[in-house]
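Structures follow.
You will see two complexes here that share subunit A, one where it goes with subunit B and one where it goes with subunit C.
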Partner chain A sequence: MENQIKIIIDGQEVLTEKGKTILEVARENNIFIPTLCHFMGADPKANCRVCTIKIHNRMMTSCTTPAADGMEIENNTPELNDIRKSIIELLFVSGNHFCPTCEKSGDCELQALAYRYQMMVPRFPYDFPQKKIDSSNPKILKEQNRCISCKRCIKTIKDEQGRHYFAFRNRGNKIEVVLDPDLGIEISDELALMAMKNCPVGSIIYKEKGFEKPIGTRKFDKTPIGS
Partner chain B sequence: MNKKVIATASLAGCFGCHMSILDIDERILDLIELVEFNKSPVDDFKKFTKPADIGIIEGGCCNSENVENLRYFRENCKILISLGECAIMGGLPAMRNGIPLEECLREAYLDGPTVQLNKEGILPNNEELPQILDRVVPCHEVVKIDYFLPGCPPRADLIWDALYALITGQEMKLPYEVIKFD
Partner chain C sequence: MSKKITIEPVTRVEGHGKVTILMDDHAQVKETRLHIVEFRGFERFVQGRPYWEAPVLVQRLCGICPVSHHIAAAKAMDVIVGAGNGDGLTAVGEKMRRLMHYGQFFQSHVLHFFHLSSPDFLFGIDGDPALRNIIGVAQHHKELAVQGVMMRKFGQEVIKVTAGKKIHGTGAIPGGINKNLSIAERDSLLVGTELLNADKMVDWSLAALEFFKNYHKNNQSQLDNFAAFPSNHLSLVRKDGALDIYHGVLRAVDAEGKRILNDVDYHEYYNYIEEEVRNWSYMKFPYLKHLGKEKGWYRVGPLARLNTCDFIPTPLAQKEFEEYKSYTNGKPNNMSLHYHWARLIEVLHSAEVIRDLLNDPDLQNEDLTVKGKKQLEGVGVIEAPRGTLFHHYKINEEDLITMANLIVSTTNNNEPMNTAVNKTAHAFMDGQTHISEPMMNAVEVAIRAYDPCLSCATHALGQMPLEVSLVGPDGRMMDQKLKNG
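This part shows the complex of A and B:
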């Protein structure tokens, strides 16, 4: 019993063991915390900030903060939900998220979070960036204007020797996730499809496979994300 | 109860949102009990004959005529609603925002694969024609917009619920299925 700890999320007492992050504990207890850059099975990076919670009145990211005994956590509060919504809005205006023409629409996690938080319009001005689209790979199209730099493809798409197919290029606001042109040529269909599936937005598109599912049958058409 | 006055316009849009208004089906009979239409493509009024209570805008602004029309609506409508993705974020016309205007016109009138008859290489440039903007802008970046109804097109149920709630002063129901961006 030494390992057992108790934390409180929105007034609800939750028993768990030491060594887990708050997000993991919440997921085990069916408490919804929104995530974008987090991917089950990969190390958390905490760069999207959408899983922000409040611990003893301090903002933290739940995907990287380990649960400790006696923590009092605010999660589903109007203040935090508004902050999360504003992060989603910022992601929408900083890229070109033309949902009606996007192959990933309906299966997109960014869009699904916008639905869940009822984003009718972003409160920030649109940026309309003009980044290059990389279509040189025979299987994968990389639409940089939709990329939210979550790093999920970099973390999860590797070959048998552990070499990464995707990598960051440049720094700061010029940062881009690019597909290795030499390694990428040999990418298997399986991995290419996995890359498209693991991308939370429509930045990685498996060529000739867009718009496969009709409207009404896609992942988030009828059920909100996290339910 | 006095009938509320509704005006609608399609700026840089495809009229799909207007079609979606018609998708409220038989509820249109309830609607005409509650409202009368003024300036709108529905009845083809070219000018406002009286101030409107609700203005519905489809499409963003891609030329000077759109901007003028939008300002005309703002002056004459108490409440202005952005209807659909194009009005809210520019939508499909805004996909040209990443391409310089000169390149767009060149492709459309000079170099495009389907251009055959423009032998003299004329670009449309007459004072009678609206001036094209360098980029397509959402309506709320030009005038104040009061409400936003997303969708491409917005679901008929969303339009009906929003109009009914506005006219009768009730709170709006927002079920998950009606807020969609495509």
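This part shows the complex of A and C:
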């Protein structure tokens, strides 16, 4: 019992154990907190900030904040949901996301969150950045227009020796995630497919399989995110 | 005094266009032009995209017949993934695509006849504009309006079960299809409800034909002579000469029925067809190379298809086809308003094909795709509701599209529509100094017969108010009328 703590999320008392993040506790109790960069099994880095919550009137990221006894947490509030929506809008305007022709549509977490938070028109002006497609790898197409630099692929797609297939290149607003051209040439089908699946948007595409999944069977077709 | 009359935009067609008519000093029509004034440029921005994205991307050209572009692009991609030249798909792959295509044919033709054109027949070309629209049809001919709405809905439902959704689905993929037809989906269309089932669609298609034939009987002179002119006709036909809107060979006949393009392989369309650019329109002017610009232009669409094919491979439509052909003694039909007659025969044919396909057990097969040795170039051609549709793509070694050429159905009809406008302008405006609303509508009726999709043809889309101006030779505005779309 020493390990047991009690936190309150949106007025709901939740009993849990020490050592867990607020996001983990919320998920164990079927309380939805949106995420984009977080990936189960990989260290959280709080890149995307979509999981922002309020603890005792202070903004924190739930994926990196350990739950502590007596915490009172605001999660599903108009203020926080608007902040989350604004982050999603920023991601849309800082890339070139054309859902109608994207093969990840219906399986895309960014799109699903935009629907959840009812994004109609972003409140920010579009950047229309000049981005490229890297299609030089025989299995993977890297669509930089859609990348949100969440690092999921960098963290989770590794070979048996722990070498990363994906890495950051450049800095600041020119930063981009790229596939190592030498290591990437040997990537297995299994890892290439996993890279596409782990990508929360349509930036990593397993080539020549586009639109094989019919409408109606995609991840969020019948079950909106967070439901 | 010479004048310039502008009709902008043309109403009750898909897309945005305008007409200018130049009158000479003696109030005679001197020159006419149908301008397509908007530009979208899909051929350019599909470049650099992965090839498997093309069928989903290019269908955004249009919201009325996206399935046409979807399937034409998919057929081109079939070639690229080594799935043969249009006849190499699995049975379920080809038949699901056919079902999707005939579903869209049905709904698009129905939309055109009931929603866009029937007001002209029911209320007259010179009828009250306040009534002469789909709302007027709903108010005064409720049963017909319900039929139109339900028939279109049926076509849309066929598209939904094959493409995943009614507009802009994803069913056709390179090498085949991404789903088969479940028994539940089949029964929802085959048995359906009292007003929404395959048999009902056949019955209503027959009724629509009867309606038109009766109208024809009472207005024979108008329908036969309005914007009638001789022309060549081009379409796909099945190798045995049957009407086939999904696959076949290219055939063209002249105004007398002589073959001028004899069942050639559409993959080499560029050896037979050339496009001319004129500086006053964003829509090109295609023509048959060997006949040249002056004599090589041709019509496409329902009228052309029934002029090129030898027979229709479904019994009820074949019977109607025989009656239709006998009206011109087996010769090609060159009467613009008979597009409507031909279109309704195709509606019946589509309803029959859909019913047959729904009963085909191949649609429950699971071998959805086939692939072979990859190619770097592919051509896909189909008969869209409005006519022959060409898609041509080249890709690089990294699977990205480097070239796209689309010759859209309406583009093929550019010269014929201009000719129809010219004929109508002469008939209605020669000697006139004042523009009346019926005169404006007559020009539109001529264009409307071709069911143009101007947005597809130029990659433009828009609402269509109408503006007509009379301009004197000194550029001074003589008369102007406006109406909102």
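Methods note: the second predicted complex is superposed on the first by the 227 of 227 C-alpha atoms of A that agree within 3 Å, B and C clash if a C-alpha of one lies under 4 Å from a C-alpha of the other, contacts with A are read in each partner's own complex, and residues count from 1 in each chain.
To be clear about the criterion, a residue touches a chain if its C-beta (ideal position, glycine included) is under 8 Å from a C-beta of that chain, and two chains touch if they have at least 3 such contacts.
Values in this document were obtained by computation on a predicted structure and should not be read as measured data.
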Subunit A: partner with more touched residues, subunit B or subunit C: B
Touched partner set for A:T101, first subunit B, second subunit C, both or neither: both
Which superposed partner A:V121 touches (first subunit B, second subunit C, both, neither): first
Touching partner for A:L141 - first (subunit B), second (subunit C), both, neither: second
Contacts of A:I215 with subunit B and subunit C, given as first, second, both or neither: both
Which superposed partner A:P224 touches (first subunit B, second subunit C, both, neither): first
Subunit B versus subunit C as contact partner of A:K174, first or second or both or neither: neither
A:Q111 touches, of subunit B and subunit C: first, second, both or neither? first
Shared subunit A surface residues [contacts with subunit B and with subunit C]: 100-101, 215
Of subunit A, residues touching subunit B in the complex: 96, 98-102, 105-106, 111, 114-115, 118-122, 125-126, 128-130, 145, 215, 221-224
Subunit C residues touching subunit A - in the complex, by the definition given at the top: 48-50, 52-53, 55-57, 60, 81, 163-165, 168-171, 173-174, 178-179, 369, 398-400
Interfacial residue positions of subunit B with respect to subunit A in the complex: 82, 85, 88-92, 94-95, 97-98, 135, 138, 140-141, 147-150, 152, 174, 176-177, 179-182
Subunit A residues touching subunit C - in the complex, by the definition given at the top: 100-101, 103, 133, 135-136, 141, 205, 207-216
